[in-house]
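Next up, some structures in structure tokens.
After this come two complexes, each holding chain A, first together with chain B and then together with chain C.
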Partner chain A sequence: MLSYKCDDFFSLEAEKAGDRVEERRHFLVPKHTIVPKEKEEEILKKLHATKDMLPIILRSDPAIKKLKAKPGDIIEIERVSPTAGKSLYYRVVR
Partner chain B sequence: MPRKNAESKEKPSEKKKTKQALKEKFAELRGNLPEKIWNELFEVAEREKLSEEEIKKLIEEAKKEYEQVLVEPCEAAGIVAAQSLGEPGTQLTLRTKHYAGALEVSVGSGIQRVEEIVDGRSKTKYASMTIYLNDELKHNKRKAEAFARDIVDVRTEDIARVKEDFKKKTAEIELIEERIAERNLDKEVMLSKIREAIKKGEVHKRRDKLIIQFPKELSLLKIRNEVLKIMRKRLQGISGIEKTIVTEENGEYVIKTLGTNLKAVLKRKEVDPYRTTTNDVMEISRVLGIEAGRRAIVEELHKTLTENRIKVDLRHLLLIADLLTFTGEIRGTVRTGIMRLKQSPFARAAFEETVKHLFDSALHGEREPLQGVVENLIVGLPVKVGTGRVELIMKE
Partner chain C sequence: MLQKKIGSIDFRVLSPEIIRKMSAIEIKTAETYDKDGYPMEEGLMDPHLGVINPGLRCKTCGQTMKHCPGHFGSLELVRPVIHAKFSKVIEDILTATCQKCGRIVLPENVLKELEKELDKSKELVAKKIKAKVKKVKKCPHCGAEKGKIMLDKPTNFYLDKRRIYPTEIREWLEKVPNEELKFFGLDPKIVRPEWFVLTVLPIPPINIRPSITLESGLKSEDDLTHKLVDIIRINERLRENIEAGAPQLIIEDLWDLLQYHVTTYFDNQTAGVPPAKHRSGRPLQTLSDRLKGKRGRFRYNLTGKRVNYAARSTITPDPYISINEVGIPKMIADELTVQEKVTSWNKSRIKELIKKGRVVTVIRPDGVKKRITEDNKKDIINEIDAGYVVERLLQNGDVVLFNRQPSLHRISMMAHIVRIMPEKTLKINPIVCKPYNADFDGDEMNIHVPQTEEGQAEARELMLVEKNVISPRYGAPIVVLDEDGISGAFILTMDQTEFDKEKAYQYFYEMGLEEIPKPDRGNKYSGKLIFSQLLPKDLNLHYKSKMCEVLEKTDPNYKCKGYECPYCVTIENGKLIRGVIDENSLGEGKGKLVDALARNYPPEVIRRFYDCMSRITSDLLTTKGLTVGLREFEVSDRIKKIANEAIKEAIKKGAELVKKYKEKKLQLVPGRNLEESFEYYMLRLTSEIKQKVEAHILNEKVKTVLQENPELNSNIMIVSGSRGSSANLMNISGFWGQAAVREGRPERGYRNRVLSLEKEGDVGVKARGFITQNFMEGMDAEEYFFHAIGGRQGEVDTGVSTKVSGYLYRRLANALKDLYVDYDLTVRTSSKDIVQILYGDDGVFPMKSKLGKAVDVEELVRKVRGEKRNAKKKCRK
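And then the complex of A and B:
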């Protein structure tokens, strides 16, 4: 059986910070980036979804304040997952 | 000696390089294998010193296995997740009642806590913060304790009592000796801080007392309001932090608090703003964003369940957390939360307040598309889940 430790979240984050210098984030906050307009279609096709089916991130969300995202943009979130290592998640700005 | 050291340091990095090269070589074979499995495969390959041919075979085999355990299309993953959490939850309820008489079981953990998170309540009952300190303070117990004392929210009413005389229009504020001692505060500083809070009237100081003479034309109601304002004035600390305690954790000093105010604490330069957290998931999602809130939900649920020795697969918790944060803010599994977002009026009516929901949807002329599970159960049609979803028949 697989077993999970709660520190899984911590250790993975620490490893990542080691090999390249990045803007430091709170350990709970994953990396957010805006998906360029050209790549949007490719991602939606991969997910078999339309934009209004995606989960939402609010425009006022503290994590994307610096990105200056506009409503309708897709945000790519690089999650540190204890089951899959790194996983990508997409949210649409509203 | 130094030469030998340099050699041994070089070796692992070289190994890493060849591993990286191998990974890149087989990158197109990866398909949809997640990173963790991908890394594990190459660790095995390295340990067993597999040839390239064998690695190729290994990857193909792993891919086959992986695709077999993926969730099938149309599988009711949500219902499985709900049951997986619900069944041990029932056990936990029974056990909590059994333990009700025992002292050591705190009310802040157990089924109530799970309910609190899943329902998305805006107020956490036993809110608590874990404050990590910066490099200067984390190994210095004296400074850490001083800081812990400094952030406790102290109001005038906590350390002083007041006597009002409405005839003479005076008020007498007297410091309570013991309360000041137990909080380790300085009497003179506190008095001067109270004095700053007094806006109207003349102030006389007599030993530990402050006597306020209000102007004669001030009405009694206004005097009362003024006194209450002074009593509620925050003299020091961060609002919301009720108690603090310094503990040692992995060789550094950490402050645990009762009460929470993440935003204000993160702004203080004495804390480590990258690790300090609270157990209030709503507050995390407000201060650090919805993704941080999602992870806080998973961690808090997982922590509560493991504390009670309940094993629920983490994937169920991940799914629940994703659902709660779907709309960009945390919404609970209550009729005012995610249930309200349901398109189907039958599904909403089946959950809570049946008559109200049916009445409202009739008033607004809503349509019932009969797509979900509950709706189809109500009207007696096959549920569109699993094999019920497929409308084609296989050709031999």
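And then the complex of A and C:
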């Protein structure tokens, strides 16, 4: 499931780019992306929820610092799951 | 339904103004009742404070007891006192402000600087102010000297070692300007610091401190009333003394006394204050005691509720009732009721019940309840019709919920079918002990009777024991035969076991068999054939048995022959062809047979299997007899020799290791230093040697089970996996091995040695708790002591771990209790906020899963291919 080598911890490109450690992509930090505005409604409909019913993520969260997300944006988190393979999770930026 | 959301809640401090405003009456006398027993006007029992006698009307609001909420009164304190719960805040304000002008003793620019930081962290600013103020000697605003404030907990304040009294403190706090309150975390719109010094005390309504009339006619007052009487009495005495111009010393004494009473009125467990006591010496229960802790208002009354339609009694086993049933004492069944709607279909039956006196009340369609008595019985039988509802007593076939605390998982509460029985205990089939974690050493369990049809249907469809055999926790059987059940199944299915017709017919009868099979061993029935009658005709299974595993472990010459293995289970078309039924067939979490029965067949199949097995095994064990005796723990001289040699080897090799260790020539284990490596080697040495001997002993004992006519004793239990293991056997017949303390060898005690009889610095095998004797022969004093060290630690550990895990569980359960899986498979809170997008990330219901996996692919492939056996030639583990 989770097998890794030491080199996998951070991507090398990020190191070359001189990013600080917290900004590099660590293999245990799942992929965070901002959901485009036009797709938001579709997702909310799928979840039978409004924005204030979704779990939150802080604007200052290290995982989305680089995304420059604004409050109200929906963040899609793509996680590796031992049971489901890949699982999607959604959070609203606050 | 109209829904409203609470935006926010403010907690405020009552101002003297508000206290006076909400006061229905000012209390002026400490007396409660007059000579005739009527409440005194302006006393603590004044009728303006609310009514507690039914029929009377409240003098304030004019309502009756049911509707009057009670009203506060007030007491004017002659001298102000400090509210002990606020003394810390008062101390902070006094140390930071100037007594003359009331402002914070920091220059204007510093304050402006701090004000900006206020948004970030209020706590940080408060800390900074505290640190900065320490050095200030003079007020930068008015130039007055700044003294040092000392708080003698809980309520005494000193300014440069001079006692300052609440009056002075109150004046000081009044001077603090509104604009600067924010530095102390106070909002001037809500609270003023001088309110922390009480000048007027709210008197709670009598509803919350009702007096009790004892049988003797004497009135007994609530603890709160007693405390309030004390306060008022001292208040009066202080007033009289001041008016009479008493010496300052006496007044101060009384003032302190008033302070004491007010402090204990709020919290009788204030640190540094002796608790106020009742005449009997019992500490008074005052305001904070009422709210605090496990038995306080929050945890006892608000979080915990009591219910009706419930019963509780000791449980006892009865293997002859179904796993779905619960034996309910007649006494309980004659008390509990269920609601049943009268329809045209059940009308006559219910009339019959009324005639028999099994109906307690009748509810008319308009909702009026009527109790049935001998007198009105006949009228009611005539009156009753469809649309009526009756509350009838519990009867056979009703469904009840059955629960044992602590309710740690969902199967701690399951539905059972009522079976009314004599005696006074609740009876359960011992098979359901596992999920409830119950035993019969005095355990008590609870029943709840679902009242509505919806509740009953839900209980029957979802909560019945037969529908909860697979644990939702790990997707494997949890309702299982244990201990004697497995031993019994093992004995039943051993190759050697056969029964004459008489016994076999008895078992067939208990199974409810309609067609009796022909005997397969001449005139006799083999146990395997009898067992096969319980299996569905289309069942095909093959897997490794526990017995085969044990043999592989102990006998180097033994090799499992796969499909032909005489000990591994082979079931073809519902017939047990080869193998013995043991832990790997029936055990918790790994029982392959029960897993297959519960998963692939309707629940009645597993229920019938268990019901019959519990009858047959308990009968088998009582007729054949499964016993334990000392003799079976005796070992042959060969084993004794092996054990003695192993011990000698351990001591010799241990000495070599010690030598290497002392010369520092020991090869280090990665990540450990010399000492740690040495300990690691020593532990490994002793455990390896123990394991070797253990295998020999087990091998010898297993052989006895394979005999023509095996003794039914502890060896059966070990081989079948029902109870005990080779480790227990080793401890009794071999030797104990290393006594462990905190996963290492014992090392504390005397200087450089554990026991005084050892040489100092001896780290050898024997000196650090290697026990060479066993329970049969007994240990010598030294070894016994080492054994006791380990034993004690084990005892302490179980105590600690239950306590710690119980608390952790409580926290988790409270945090998660209202979460539910919605129809769209999202996990939500009660207000429909999403917690998880897809339940468990994969949406799999663990109860229907195979060991956590959604689909058992191997099984599926097998079925599609139409293979009866596993494709691989080996036994499946």
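The criterion applied here is as follows: the second predicted complex is superposed on the first by the 70 of 94 C-alpha atoms of A that agree within 3 Å, B and C clash if a C-alpha of one lies under 4 Å from a C-alpha of the other, contacts with A are read in each partner's own complex, and residues count from 1 in each chain.
By our rule, a contact is a pair of C-beta atoms (placed from the backbone, for glycine too) under 8 Å apart; a residue touches a chain by one contact, two chains touch by 3 or more.
Treat the numbers as computed from the prediction; the structure is a model and nothing was measured.
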item: Partner chain in contact with A:Val29 - chain B first, chain C second, else both or neither; value: first
item: Greater chain A contact set [chain C / chain B]; value: B
item: Which of chain B and chain C A:Arg94 touches, first, second, both or neither; value: first
item: First, second, both or neither for A:Leu47, with chain B first and chain C second; value: second
item: Partner chain in contact with A:Ile57 - chain B first, chain C second, else both or neither; value: first
item: Touched partner set for A:Thr83, first chain B, second chain C, both or neither; value: both
item: Chain B and chain C contact sites that coincide on chain A, given as residue numbers; value: 55, 79, 81, 83-84, 87, 89
item: For the chain B and chain A complex, residues of the former touching the latter; value: 34-39, 273-275, 277, 284, 286-292, 295-296, 299, 302-303, 306, 314-315, 318, 322, 325-329
item: Residues of chain A touching chain B in the complex; value: 4, 6, 9, 24-30, 32, 55-58, 61-64, 77, 79, 81-87, 89, 91, 94
item: Of chain A, residues touching chain C in the complex; value: 47-49, 52-55, 79, 81, 83-84, 87-90
item: Residues of chain C defined as touching chain A within the complex; value: 822, 824, 826, 828, 832-838, 840-844, 852-854
